[in-house]
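Data first, discussion second: the structure below is written as C-alpha cells.
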Amino acid sequence: MRITGTFLDEISHDIPHQNWGEAEWRKDFAAMKAIGIDTVIQIRCGHRRFITFPSKVLMEKHDCYLPPVDLTDLFLRLADEFDMKFFFGLYDSGYYWIHNKCQQELDISRAVADEVWQKYGHYKSFGGWYLCWEISRTYAGMVNLYHDLGMHLKDISNNLPTMISPCIAGIKCDPNNVATIEEHQRTWDNIMAGISGAVDIVAFQDGHCDYDELADYLILNKELADRHGLKSWTNCESIDRDMPWRFPPIKWEKMLLKLEAARKAQLDKAITFEFSHFISPNSMYPSAGHLYNRYKEYFGL
Amino acid sequence: MRITGTFLDEISHDIPHQNWGEAEWRKDFAAMKAIGIDTVIQIRCGHRRFITFPSKVLMEKHDCYLPPVDLTDLFLRLADEFDMKFFFGLYDSGYYWIHNKCQQELDISRAVADEVWQKYGHYKSFGGWYLCWEISRTYAGMVNLYHDLGMHLKDISNNLPTMISPCIAGIKCDPNNVATIEEHQRTWDNIMAGISGAVDIVAFQDGHCDYDELADYLILNKELADRHGLKSWTNCESIDRDMPWRFPPIKWEKMLLKLEAARKAQLDKAITFEFSHFISPNSMYPSAGHLYNRYKEYFGL
Amino acid sequence: MRITGTFLDEISHDIPHQNWGEAEWRKDFAAMKAIGIDTVIQIRCGHRRFITFPSKVLMEKHDCYLPPVDLTDLFLRLADEFDMKFFFGLYDSGYYWIHNKCQQELDISRAVADEVWQKYGHYKSFGGWYLCWEISRTYAGMVNLYHDLGMHLKDISNNLPTMISPCIAGIKCDPNNVATIEEHQRTWDNIMAGISGAVDIVAFQDGHCDYDELADYLILNKELADRHGLKSWTNCESIDRDMPWRFPPIKWEKMLLKLEAARKAQLDKAITFEFSHFISPNSMYPSAGHLYNRYKEYFGL
C-alpha cells in the first residue's frame, strides 16, 4: 500500500512554518511526484486570522490578514505543472464550530467556497474539496455542517469530490475519553448516514490508536464507508505521536506497520499528514529525508 | 522597517546551544552584515554559574565557571571587524533580583561593569550597555536597579547608551495576568519616569500580544518614550510563540506583520531576538535560513 | 578524560528516530571511530512491542512486531568492521519491572539472552551485556533481577562483562524526591553489595545533578565501586537537560565540565548517551556536528 496523496500544511496551527518560497515548493512537489504522489490537499485556507489567499470574504468580513503570497494559487499552478489533483481545504474559524455555532461556520465557508470557485475553479488540477474540521465523535451541528456544505460544494463545482479526515478516539487522542471500538462503530455509522451523498471520502487519521489496534479500526471504517456509499482512504500520519515533543518525523517501522494495516483493510487510497515536514528530503527535519529514502528503498523507487 | 540589530544569545537559558566556534561566529556576523545589521547586543554576560568571559569578579565571588572561550572578546573583535556597534549585556544572577534583593544584583553588576570596561572598553565597537533583566510590570526595586546601574554605566563609559528590553504583559506573556493597555500605560509611564536619564533606549519585545494589538502598543510605547526623553526601539522577535515547543523560527508572514506595526508607530530602530538561531542561514533550524531568504527577497537585498 | 564508548539508542522510547539505513549507520560508526570510540552499547533490544532483531521469544510469546531490519546484526557487523566492542542491551517490557513483577522480567530476559547468544555470540565484537533498566534508588526486586540475570549472562557467555547505567537522584531527576549524597551513599552501598560478582561495570548517568555537585558524586561512586569490586565508568550525557524540550545536544562547555569531574574522580572509562543524535556530524541536529568539532578541537583530534 503506497502513499499517493499528501496534505499541504498551510495554514498550520501547530506545525512550525518552513518559510518556503515558490522555488522551495516547486522542488518539494518534484520530490512528491518522484514517489508517486498524485493528490495534494491544502489542509485549510485559513485559521483564525491567517489565510492562504487574499480572500475578500475573509479579509473584509472576518478581519483576516492579507497574506504576503497567494499560496492557493501557487499550489494550483504547481499541481497543474506536476499533473496532480488539488483539494481545497475550507476555512477554520477556530471559534464558531467549537462554540456551538455551526451555522456561522457554514455561512462563512459557503461564501468562501463561492469566491474560491470563481477565482480558481478554472485550474485543471482543481479536483476536490476538503472539509477541514476534525472530529472524533458526534459533535453538535457538525453533521449538518458537513452535509450542507458538502452539498453546496458539489453543487457549485460540477460534483467535485468532498473529503473529511476525522480522528479515531483512541488512547493517543484524549487518554481520558477513549472510545471502544463498539462506540466508534455506533458513532460513525450515524455520522456517515448523515453525510452520505454530501461527503464522498472519509480518510481517518491513523495515529491515535495503538499500532496493533489499527487494522481492526480500518476494516471497520471500510465496512461503514461501504455501507453508506463513501470511499474509505487512510490518512497515514508521518508525524510521530509517541515522542516528548510535537512532532518529529515518524520512525519508518511505525509507518510501515500502519501501511500494512491499510493494505489488510483494502482501503481505496493512502494519503499522509504530511509530506513536506515529515517525509521530504527538503524538510527542516533531516530525519524526514531519511524516511523518504527508507520509503523509496522499501518500494523499490 | 528593516532589522538592523540583533541579540547574541550567550549565555542562553532556554535556547539550545549551537556549539559554534570562532569560524562559525565569523560566518554568522558576515550573514548579519549582508542584511544590514549594524548593532549586536550580547544578551547577558552570565546567568547563574555560566559566563561569557573569564570574569574575576564572577568566578571569585560568585562561583561562576571558567568558560572555555572568551565570547565577549570574540564578539567585540568580530564587531570591530564588521564595523558594528556592540552592546554589553550585564550579569543575571537568576536569583537576587527575583528574590527582592536588587541591591545585591546592583552591587554585582557595578563590579562586573568596572571589570568589563577596563578589560574591553578600548574596542572601537564597544557601543553601549544592555541591562538584561526583563520585566513586564513594576517590580520591587527594579526601577532603582535600572536607574542606579544606568547612571554608573554612563559614568564609567563616557555616557555610552544604555538599553532595556521589557515584555508587554499580553496574552502570550502570562495568560492569567494580562494587563490592559491602560494598565500598560500607567505602569510604563511610572517606570520610564524613574529611569529617565539613566536608561536611553527601551526596546519592548513584540511577541507577547496578538498581532492585531501590536501597533497600538508600539504607538503608545513611542509616546511614553518621547514624553520621558527615551528612544523607542522594537525588539521584533524571530521566535514563533504560537507553536507547541519553545521555540522554532517564526513564520515570515508574522514577522512582516510586526515590522509593519513598527513602521506605523515610527519607531527609531528594529532589533531582533535573535538572528543566529532564528533568521540565520547558519542556524541549526533550516527554516531560519528560509526566513533569511524571504526577508532578503522582500527587501530586495 | 575522553569519551571512548557510546550507547546506540535503538529501541528508543523518547528520542526521535533518525530513520537511518545501513549506509548511514556505517558512516556514523566511522565518525565514532575517528574520535576514538571503541565500545558501542545497544541500549535495549526492545521496548514493549518494538524490537531490534527478529526474536522468536519476543515475537511469539510477547507479541512484539517483526522489525523491518535486524539492527542487532547490523551493529555487530559494523562493530566487527570498525574493531569495536559491542554490548548487547536486554529487553525492557516497560511493564513487569515497574509493576513489582521482576521475576517475569527476569524470565523473559533469560530466554532472550539464550536466543541472542546462540544467534550472535559468534561475532568477535560481541563483548558484553547491558542490563537496561535504569533506577536511581532501591527498587523492589531490582537487585535480584540484576544479580540473577548478570550471573546467567556471564554463565552463558564465558564471563563477558555486564553493565548497568543508573541515575543519580539529583535535582534534575525528580525535583520532588532528591536524595542527599548520604542517602545516595547508603543506597548504592547496599545495591552494589547485592550485585557484586554479577554486574561488573556501573556507569552512572551524569546529567541529573548540578554541574558543581558532580565531582563529589563521581568520587563517591568510584569509592563504592572499588569497595565492591566493580568498575566505575561515567555515562557523560550529551543531551542538554536544562532546555525546555527533551532533548537538544548539550552545550560543549557543560560536557567539558562533566568530563573534568570524571577526570578528577579518576574513573575507568567515559561513555556517552549518545553519539548518533547528540555528538555526530550526521545527526538530525546540526548543533551535534558542531559539538563534534568542538570536542575534536579541544582534544587535538
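Note that the chains are named A, B and C in the order they appear, and that numbering of residues resets to 1 at the start of each chain.
What we mean here is this: a residue touches a chain if its C-beta (ideal position, glycine included) is under 8 Å from a C-beta of that chain, and two chains touch if they have at least 3 such contacts.
This one's a predicted model, so the numbers in the text were calculated from it and none came from an experiment.
If touching chains are joined by edges, the resulting network of the protein chains shown connects every chain directly with every other. Bringing chain A onto chain B by least-squares fit of CA atoms involves turning it by 120°, to the nearest 5.
For the pair chain B and chain C, the fraction of shared interface numbers is less than half, so the two copies use mostly different residues to meet. Measuring from the averaged C-alpha position of chain B to that of chain C gives a distance of 40 Å. Shown for chain A are the residues that touch two or more other chains, namely 245.
Residues 211-212, 240, 242-245, 248-253, 256-257, 285-287, 290-291, 293-294, 297-298 of chain A touch chain C in their complex. Those residues of chain C that touch chain A in the complex are listed here as 13-21, 24, 49-50, 63, 65, 67-68, 245-246, 283-284.
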